[in-house]
Each structure stands twice: as C-alpha cells, then as structure tokens.
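Following this message is one structure expressed as structure tokens.
In this document, chain identifiers A, B, C and D correspond to the written order of the chains, with residue numbering beginning at 1 in each.
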Amino acid sequence: MSHFTHINVQTQDFDFAHEYQKLRNSSNSDGALVTFVGLVRDLNLQQSVSGLFLEHYPAMTNKVLTQIVEQARSKWQLGSVSVIHRVGQLNVSDQIVFVGVTSQHRQSAYHANEFIMDFLKTQAPFWKKETTEQGDKWIEAKSSDTKKTEDWS
Amino acid sequence: MSHFTHINVQTQDFDFAHEYQKLRNSSNSDGALVTFVGLVRDLNLQQSVSGLFLEHYPAMTNKVLTQIVEQARSKWQLGSVSVIHRVGQLNVSDQIVFVGVTSQHRQSAYHANEFIMDFLKTQAPFWKKETTEQGDKWIEAKSSDTKKTEDWS
Amino acid sequence: MLKVLFFGQLKEIIKTDCLEVELVQGDKQLNTVAMLRKVLQEKGELWNEYLAFGKALVAVNQEMSSDDTALKDADEIAFFPPVTGG
Amino acid sequence: MLKVLFFGQLKEIIKTDCLEVELVQGDKQLNTVAMLRKVLQEKGELWNEYLAFGKALVAVNQEMSSDDTALKDADEIAFFPPVTGG
C-alpha cells in the first residue's frame, strides 16, 4: 500500500471501478478521493455526433501529462494520481479520459483534479475529430479553456 | 435514460461502480462526471483511529441534503446528482460518503460537487465519534469548513 | 407540548436524547427558541453550559433555526453540536 | 537534419505528416523555430496560411516551444493546431 502516479494513453477502454479501487487501496491516510471522467457527448454545436476520432503525438503525450501531474503535486499535497486518456475511434457515451486524485483533504483533491484537467485540455497533444451526419469535423479549441489555465496562475 | 437526483442515508456500504454507472447511463449529453468519496482515515490529530461511529438526525438529514442539491442545481446547470451518506459503525478505509454529479461542462460538475460536500459538512446533521486507542472521542467541527461555505456566497 | 431532541456529544453529556416540554410554563408561554433554551439551561450545570447560545445549534421542525425562531404547539425542536459528517 | 512532424487538421490540410529538413539551407542555417517556420511556409499557399504564427503551435523535442527556441541537428520539431483532448 503506497502512493503512486499512474499515467497511460491507450486505445482500449478503462475499467473505472478498477481504477477507483487502486486509488482507494493506495493509502489509509487519504480521506478524500475525487475522480473525473470525460464522456463522448451526442451533441456539439447542434450537430449530431455519432463518434470521435482521437489522434495524439505519442512521443510527447506522456511527457506532458507527467509534467502536469508534477505541477499539481507541487501545488497541493496529494496521495495517488491516475491519468488515463484514450485515443483512436470512440463512440457516443464512451469514456475518453479518467483523472483520479487522493488527498488527506478534500479541497486539495478537488482542485488538483480540476487543475490537471484544465492543463490537459490546453497542453496535452491530443486532437479530436467528430464524426457527424454532415461528415467529419476537427474540433476547434475553446478560448474558455485557455482562460481556465490562466486562472490557476 | 433521464436525469435524476438520488439521495440516500444508509448503514450498508455502497457500490461505487454501480453508482458511477447509474450516473453515466442517465444521459448522453453530459460530457463530464465528477465523483467524490470520503473514506475513514487511520490518523486524526496524531491518535490512531480504529473506526468511526456516525450518528444522524433521521427526520432532518434527507431534507437538508435535498435542499443542498437544489441549491447546487440553481447555481449550475447539472444533469444527475447522487448523494449517499453512511451512518452507524465504520472501520478504517471504509467509504463514508459519495457525491456524484454529471454536467455538460466539467467546471460545473467540479464546482457543484465541491459545493455539495462543503455544505454537507456544515449543514447536514451528522456527528462522528472516533474510536481510538485512547477511547472514544467526538470529533470537533472545523472552522475551516465553515469558512468554505462562506466562500461560495 | 413541544418535543425536544438532543444529538451527538450533547446527548451524552446531558444523558438525554428526547423530552417533552409544556409550551405554557406557569404564567408564561415559550414563544421562541430563546425562551425554550433558557428553560432547558435551568435543568442543571451541564445543561446550562452545553445548551448555551453558540455552543448548541438548533433546528425547528427539521430546519436550521435561530434563537428568535417562533415556537408553537407540537413543534419538534432539536439541539446539537456543530455537525461533523462527510 | 531536422525531423519535422505535423498533427491534427494541419496534417490533413498540407497532406504531410512527416518530413526531413536540412539544418543548413544554402548560405544560411535554421537556428530558430522562426527560421524553420519561414522555410516551411514557402512550400505553398496552404503551408503559408496554416503554419502562420499564432495558428500552429510548435514543440521542439516534445516540449512546447516558441518562435525563438533554438534548433540544432537531429531535433524533432512538431507543428500542430491548438490541442483539443480531454
């Protein structure tokens, strides 16, 4: 039983319950466990989405995710951290991303989890293409996401 | 498949994976799902904790939790919300509380989840007694928790 | 008649979890939480100390209330220490 | 030799995912990202438009970089649109 950082980019689905148990079992001193899961939504900008294709820059992705988790660990006292991101073809309601954080205090767990997602959204080299009834469409980055990372500094 | 509010106070353990799936299956339009779990820690104020006894005020608890979720729904656009709180005798590493929130946007899901926990901590009629090697001890409320609820207004 | 409940450490200290209190006490009526609190505090030293304003919270009919909350017959009033769930 | 990679929509628009660029081009050397960017932009109209500063982000050896980042032989440079994961 000891704290860990687990980062993975994978095509296959992840088992949410299994990831939760690993985090929960990693310590008896962490009273707070916060998870985030991002799911493929069926609507985006009024067009009906049937699926997503996720591309990434393999040599860089793990490096960036590791740095983001290190930054979070330097801001808050955390126990274990898991980040899993899927790539390849996904369908509506599929799980895209998992972030799990344990901490002795709930505020640290909430804030570190949100921080990791905010930076993942703007720094990690993933690109989403939507499959819609009107054909494929690369998703545009949102300026509101850039704004969120600025709010942390 | 439709949004729900689920609130329960129970002595038995809850199945985290089952609660997650219910939230996930409640909508195809919510891209964000945030969960919080509170666990019994083995340390509190340097005394070794072997367990917790949780007492509550049954007639009031559900009422207060329902009001807190309604407040959260009035502040953020949320999909489904689950709040489960256990009472009775708990052991180290047991699950105490589950809060799960879905939303179209991750910031709403994070903030609503934290809001619900902050108000649960200061408004919901639960009281914890720790079982330690030095005997039983009622836990004192923390002023930092009261401060957190004030920060939301 | 008022139904009065006690929870948490308070319940253990005053060794009481529930009691009934007449709404009309002699020539006066317990119109507010403050008046009920005063009557209860007179029941002993520990009652006086642990039911003090600021030490014990109060709910009337399962709603968080304050000293000036009005009381009427058949109300359920609960006194308890600051809550510590979650 | 520099290894240059392209990702996302940019890769599709310029129909190129990878190419090699000589560090020394005639009488000049590509000392910075800005100089490499300029050489690449000259490869065509779409290259000019979509590799423009502010439109394409750049990473040097898998680290987010900027126009004044220095380049040396065997570096891996990647250009891509703003990221959209999560």
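One rule holds for everything that comes next: a residue touches a chain if its C-beta (ideal position, glycine included) is under 8 Å from a C-beta of that chain, and two chains touch if they have at least 3 such contacts.
All of these numbers come straight from a predicted model, not from anything done at the bench.
S.K.: By the touch rule set out at the top, what is the minimum number of steps from chain A to chain D?
M.R.: Minimum number of steps from chain A to chain D: 1.
S.K.: Can you tell me which chain lies farthest from chain A, using the average of the Cα atoms as each chain's centre?
M.R.: C
S.K.: When the C-alpha atoms of chain B and chain D are each averaged to a single point, how far apart are the two points in Å?
M.R.: So the centroids are 49 Å from each other.
S.K.: Distance from the CA centroid of chain C to that of chain D, rounded to the nearest Å?
M.R.: The answer is 73 Å.
S.K.: On a C-alpha centroid basis, what's the spacing between chain A and chain B, in Å?
M.R.: The computed centroid separation for chain A versus chain B comes out at 23 Å.
S.K.: Could you tell me which residues belong to chain B and also touch two or more other chains?
M.R.: In chain B, 38, 106, 117 touch at least two other chains.
S.K.: Which residues belonging to chain D are in contact with no fewer than two other chains?
M.R.: 86
S.K.: Which two-chain combinations qualify as touching?
M.R.: Pairs of chains that touch one another: A-B, A-D, B-C.
S.K.: Give every residue of chain D touching chain A within the complex, in rising order.
M.R.: 5, 7-9, 12, 59, 62-64, 76, 78, 80-86
S.K.: Note which residues of chain A are touching chain D in the complex, please.
M.R.: 38, 54-57, 59-60, 63-64, 85, 96-97, 117, 120-129, 138-141
S.K.: Under the touch definition given earlier, write down the residues of chain A that touch chain B in their complex.
M.R.: Those in contact with chain B are residues 16-17, 20, 24, 28-43, 92-93, 104, 106-107, 109-110, 113-114, 117, 148.
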